[in-house]
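You will see subunit A twice below: alongside subunit B first, and alongside subunit C after that.
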Partner chain A sequence: MSGTTFSPTDLAHAVVTEAPAPFVPRKRTLQIGTAAFTAIWVMYFGGLFGAYVSARNSFKDLQADIVARDGGTAASWIPDSAQVELTAPTIMAWTLLMSIITMQWAVYSFKRNDRRHSLIALATQAMFGAAVINQVVFQWNQLGLVIDDPGSGATPLIYAITASHVAMIAVALCLLAFAAFRALASSNTSDHVDVAASAATFWYAMVGLYFVIWILIFITK
Partner chain B sequence: MTLTEIESDVSAPPAVRETMAPAVYQRLPKNILADGVSSGDHKVIGRLWILGSLLFGLFTLVADVLVRIERLNTDSVDLFSQASTFEQWFTLHRVSLVFLFVVPLLIGIAMVMVPLQIGAPSLAFPRAASAALWSWAVAGVIMVVSWAIDGGLINGVPAEGPVGQATQLSMLSFAAVVIALLVASMVIVTTIFTERSQGMSLYNVPLFTWSMLVAAGIWLLSLPVLVSNLMLMWIDARGPSAQGFGGEQYYNQISWVFDQPQVFAFAIPVLGMLGETVPVALRRRLKQYDLAMVAIGLFGALSFGAYAQTFFNPNANTTWLYVVGSIALILPLLAMLGSVALTGAAAGRAPIFSAHLALSAMALVALFTAGAVSTVRVLDSLLAPVVGFANRVVGFIQNVFDGQEGSREGWKFLSDFEGWIGSTFDEIAGTSVGGAMVQLVLIAGLLAGIAGLYYWAPKILGRKLPTSLGLLAGLSILGGGVLSALPDAISGFLDQPEFVAEASQRDGVELLNLISMLGSLGVFAGFGALLLALPAAFFFGADNDDDEDERNPWQGHTLEWLSESPPPPGNFEGPYVVTSEAPLLDDDFVNPYAEGASA
Partner chain C sequence: MFTPGFKLFAGLATIGIIGAFVYGLSSGDAGGPDYFGFVDRNAIIGLVSLGWKGNVGSANGFIVLIFMSISAALIGGTAVAFRDADVESVAELGDSASAMPLAQRPTAPSWWPAASAVGLGVLLIGLVMDTKAFWIIGLVLLATVAVEWALTAWADRSTGDAVTNLAVRDRVGASFEIPLLGVALGGVLALSISRMFLWATGNTAVVIAGVLSLVIIAVALLAAFRPQIGRRALGAIIGVVSVVIIGLGILTAVVEPLHGHHGDHGEEDGEQHSALVVLESTVETA
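Here is the complex of A and B:
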């Protein structure tokens, strides 16, 4: 074919492409991609948790040896100057538990084409996320850990873990915003349920990782 | 070019596509900024990954030669200003060898070839792939510069005062490089999971694609731990008095990445390349395809090394998991070799010789040699208990015959042998034996990358590369790599530390270092031959024959050979339906877009 001359076959093709597209199931690209992205975060925290447990065990073993040799009292893993209160971390745990329900509400609303409830659920979800970040900042102030205090090594680890978790919440909020834009832009939210499901996958992983932090740092100290 | 253009164009016949958007289908980018730098086309992105890795590779190999020249005289520091500068360069060369050279080269080839092999028009997240590319390139340059301004990770926690800002910059830029590679790996994994042609299950994806799925999966699971190490070091270094998450040298905390088994994860695609090139050279399917897939998967699983961090657990490299895993790495290599040998036997004829076949075989040789060195390093953990147990059994039997409990303790020579194993192999921890293994593994990865460049040059570059230069490059790199690594392995037994410029060693180390330096020059010369091959292919037309099949010059068996050379945006005329791992050998495979094929 040359220039703008169309053969009958090409014209037939052009006519066919004018017709409504047949239904093709969406590929799970976003969900698989989000799963891989979530795996990166989980392994990142796995590295930090491993370092925390290993450093804490080494410190405690060393202190036990010192006490056995010289007597006296063993130094504590988290510096004595720090105030480790359980109230704020526990409230955060409850906040995140509630957010699991609202996240599922959002996915359910997306699936049912309920745009209004989708947006309400996502807004509530975002509020929970912001509340947890607020609580983390409060908790840092309350802890009173100073990064350059000579000590056991717990301080940089605690800051590395908790700050990384705040970063993860921020990323989760970005995914929620992405889902919200899709809901706003479409009258048919069920077409975008994969976006909500992907955001939910990442959110659940974030919540799960918080519970490990809660137990590792604040419960078992 | 936008993604929409690619996707919408694929559905139209070629004649209509040309009429609708002729500019999009030109071979070379018309607008460098729009069609090159900001392109979402996986081939453009992949080529840029390859180009960037080759540029960083040039720098890396120059650094390799320099550190080996410095080692010629172990009594003093001559070439570098001081011992710590030598150590900085040594660690920089190692970090850039993995993260700026070999891994990005393999990722670049995968970015171009994986969508083509699975019959997809594009990558799963092309914008993320592009973002990863530019983040990697910028962060890589910053990382090299930060090392050059006395940053790097060889500095430890200072006795007083804060950790230098250049060191902190090294930590952050290194983390950014790794994160960019993680995003690229995520894109590759998602593409393989979601973009395959109809009928192509994970059980019959081409072996290179499979090896990249395994490799990218292992990188996804292990390299985030490296990022966590770097973040921990950086947060620790932020305070005026850092608390020791680097010890004497920050490099110690991340040394697990450059040690067994993790370093083998960077050479997983070696097995995939072998599985691609051998069946094509033999003109038949690979025998025991399932076994080859299991072998690659097992090799990947065994190379996961994030658990073996001796900084946090000094006994990590004596655990049974580490020892058995390190030795078992050789099993998948043997399985792969068996699959290849069975294919050769079934073919009943010699393979058709080509540069890519030779390069794939050389990569396997390098990997086997690395596996042997890896086994030697953990031999004491395996042999000493076995010899000790055997001697206790002998002692027990002696006591039974003597009738006196506990009077005999076995044979003395066995006790001496057990003691010798323990003392000799304990001494090689932290010596240049480890460096030799790393060198060989990465040489294997590099050779696999060059094999991929040669094999898929018609798709990546639009023309074949000159065979003679490829063979020269392969032989020089393999020969030089072995020549530089094996003397290092021997000098490790003579107490040469892994990366210390001055040290008391036994006689003969400097001679071995001279041989090692000559080997390093060989690697550099081989890389130079590769760099010559690229312009030679363009200026002298390589060895393209006019009468051969332009789309499938090697008579390959997989989908990428159905596309034009180089493929246009969208890659194929349309979707394909496949039923096996080598669709072009299937009797029932129909290419509906071939000339003369009925609609």
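Here is the complex of A and C:
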């Protein structure tokens, strides 16, 4: 394996020491694969954003026509009953911004073969991810939107977009778990820097997509 | 300088950007040209600011084309950064730039991708139908697949010998798989037996309990006094008994309970009902 010798009486390792050395996994293929996987998510969100903006524009055009014809006040795209506050989305945005630094800390630690800091960084990263999911659930409760409300076209789209982003965070957390498993199972974390870097690529895309959601749904409403 | 992968995806990204602008201009209605007879200022501002100010025409197509461009740029940028992950570039990472890395030998067929698809399907069905049991089973299945798949992937890289890798995988995996599976099987069997007791009346439940006890004693005696029958044969017997018990448990869970037919038949049935209640409470307590 890595030049380590074991006692002949060490039955736990005897079978491994007699086996041929493993093939060295090819680097870089994982990064290319992860880029393609991330691109799938980006395209998926592109479709959702397109549907959201298109539906919102149609709704506003229709409302403008109604107001021009009948007078009165135009109905709002997001129902008035919903409590849309910026606090939670902004906290999530800052949380994700901070997570960029800790993600890079994890990659750097993997590269330096620093297992302890790799695991601490990944655990911190997972905490940020869990915190964002917690905030999203809080925000869903705060919004008070009913997903099958027939009077609102915005509600199902808002839930589709935000729930998809939660799913993306969950996938990113799984990638972090795989990286942590590699760090725990390997004697040399620098052999697995491609795993950490791939998880980072996906994480950064997730953060970038959140900022689009932040602007699209909560800032411009 | 530029790799084939980069050229392909950079081209796609460029087409996406150009397509988005052309689509935004052609599908918009910004009120006519401001300059040179064809430049619409409002439309140009809308396209350049990605819709922040001004008009982008039909937003759906424009955004999809922009995101297509971003996706292609992501893959293209990664491809050029990692030189398409081709063999020559990977060789440069090794000790000797001229030595090509060995291709990883094919690993054994794995059930985990299919199991993850099943887990995801069950999870989604549970969420859509609001059936808690389904989505919990889906989550458990996905968590199991994540652990097992990661373990298998790790073991496949342990040595250059597939048999040794399997032994390494089993050595690590068995330490938690066997206890967990034992607990899970015990729980399912207890649940199945409880369904049978809940289905049966007092005397029938006693008969069922007696038969089950005899079967368990018979298998235990067989294992104790006939060790030469072998591990596989014993495993098969236990497997068949377990399947029969679980099958009967499922059957009795969906069939109408026996005491439902005897509800109004006097004191004797009243006693049976009392016995059933006592039995039910005993099972629930257990």
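The definition used in the following text is that the second predicted complex is superposed on the first by the 193 of 221 C-alpha atoms of A that agree within 3 Å, B and C clash if a C-alpha of one lies under 4 Å from a C-alpha of the other, contacts with A are read in each partner's own complex, and residues count from 1 in each chain.
Everything that follows uses one rule, which is that a contact is a pair of C-beta atoms (placed from the backbone, for glycine too) under 8 Å apart; a residue touches a chain by one contact, two chains touch by 3 or more.
Here the structure is a predicted model, which means the values were calculated and not measured.
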Subunit B versus subunit C as contact partner of A:Ala36, first or second or both or neither: both
Touching partner for A:Thr155 - first (subunit B), second (subunit C), both, neither: first
Which superposed partner A:Ile147 touches (first subunit B, second subunit C, both, neither): first
A:Gly47 touches, of subunit B and subunit C: first, second, both or neither? both
Contacts of A:Ala68 with subunit B and subunit C, given as first, second, both or neither: neither
Partner chain(s) touched by A:Ala177 [first = subunit B, second = subunit C, both, neither]: second
First, second, both or neither for A:Ser164, with subunit B first and subunit C second: first
On subunit A, the residue positions that both subunit B and subunit C contact, one per complex: 1, 27-29, 32, 36, 39-40, 42-43, 45-47, 50-51, 54
Residue ranges of subunit A touching subunit C (in the complex, touch as defined): 1, 12, 15-16, 18-29, 31-32, 34-36, 38-40, 42-43, 45-47, 49-51, 53-54, 57, 174, 177-178, 181-182, 185, 201, 205
Subunit B residues touching subunit A - in the complex, by the definition given at the top: 11-13, 15-16, 18-19, 124-125, 182, 185-187, 189-190, 193-195, 220-222, 224-229, 231-232, 235-236, 238-245, 306-307, 309, 312-313
Interface residues, subunit A side, partner subunit B - complex: 1, 4, 6-7, 9-10, 13-14, 17, 27-29, 32-33, 36-37, 39-48, 50-51, 54-55, 58, 146-148, 150-151, 153, 155-157, 159-160, 163-164
Subunit C - residues contacting subunit A, complex: 5, 51, 58-64, 66-68, 70-72, 74-75, 77-79, 81-85, 87, 89-90, 93-94, 101-105, 146, 150, 154, 157-161, 164, 167-168, 171
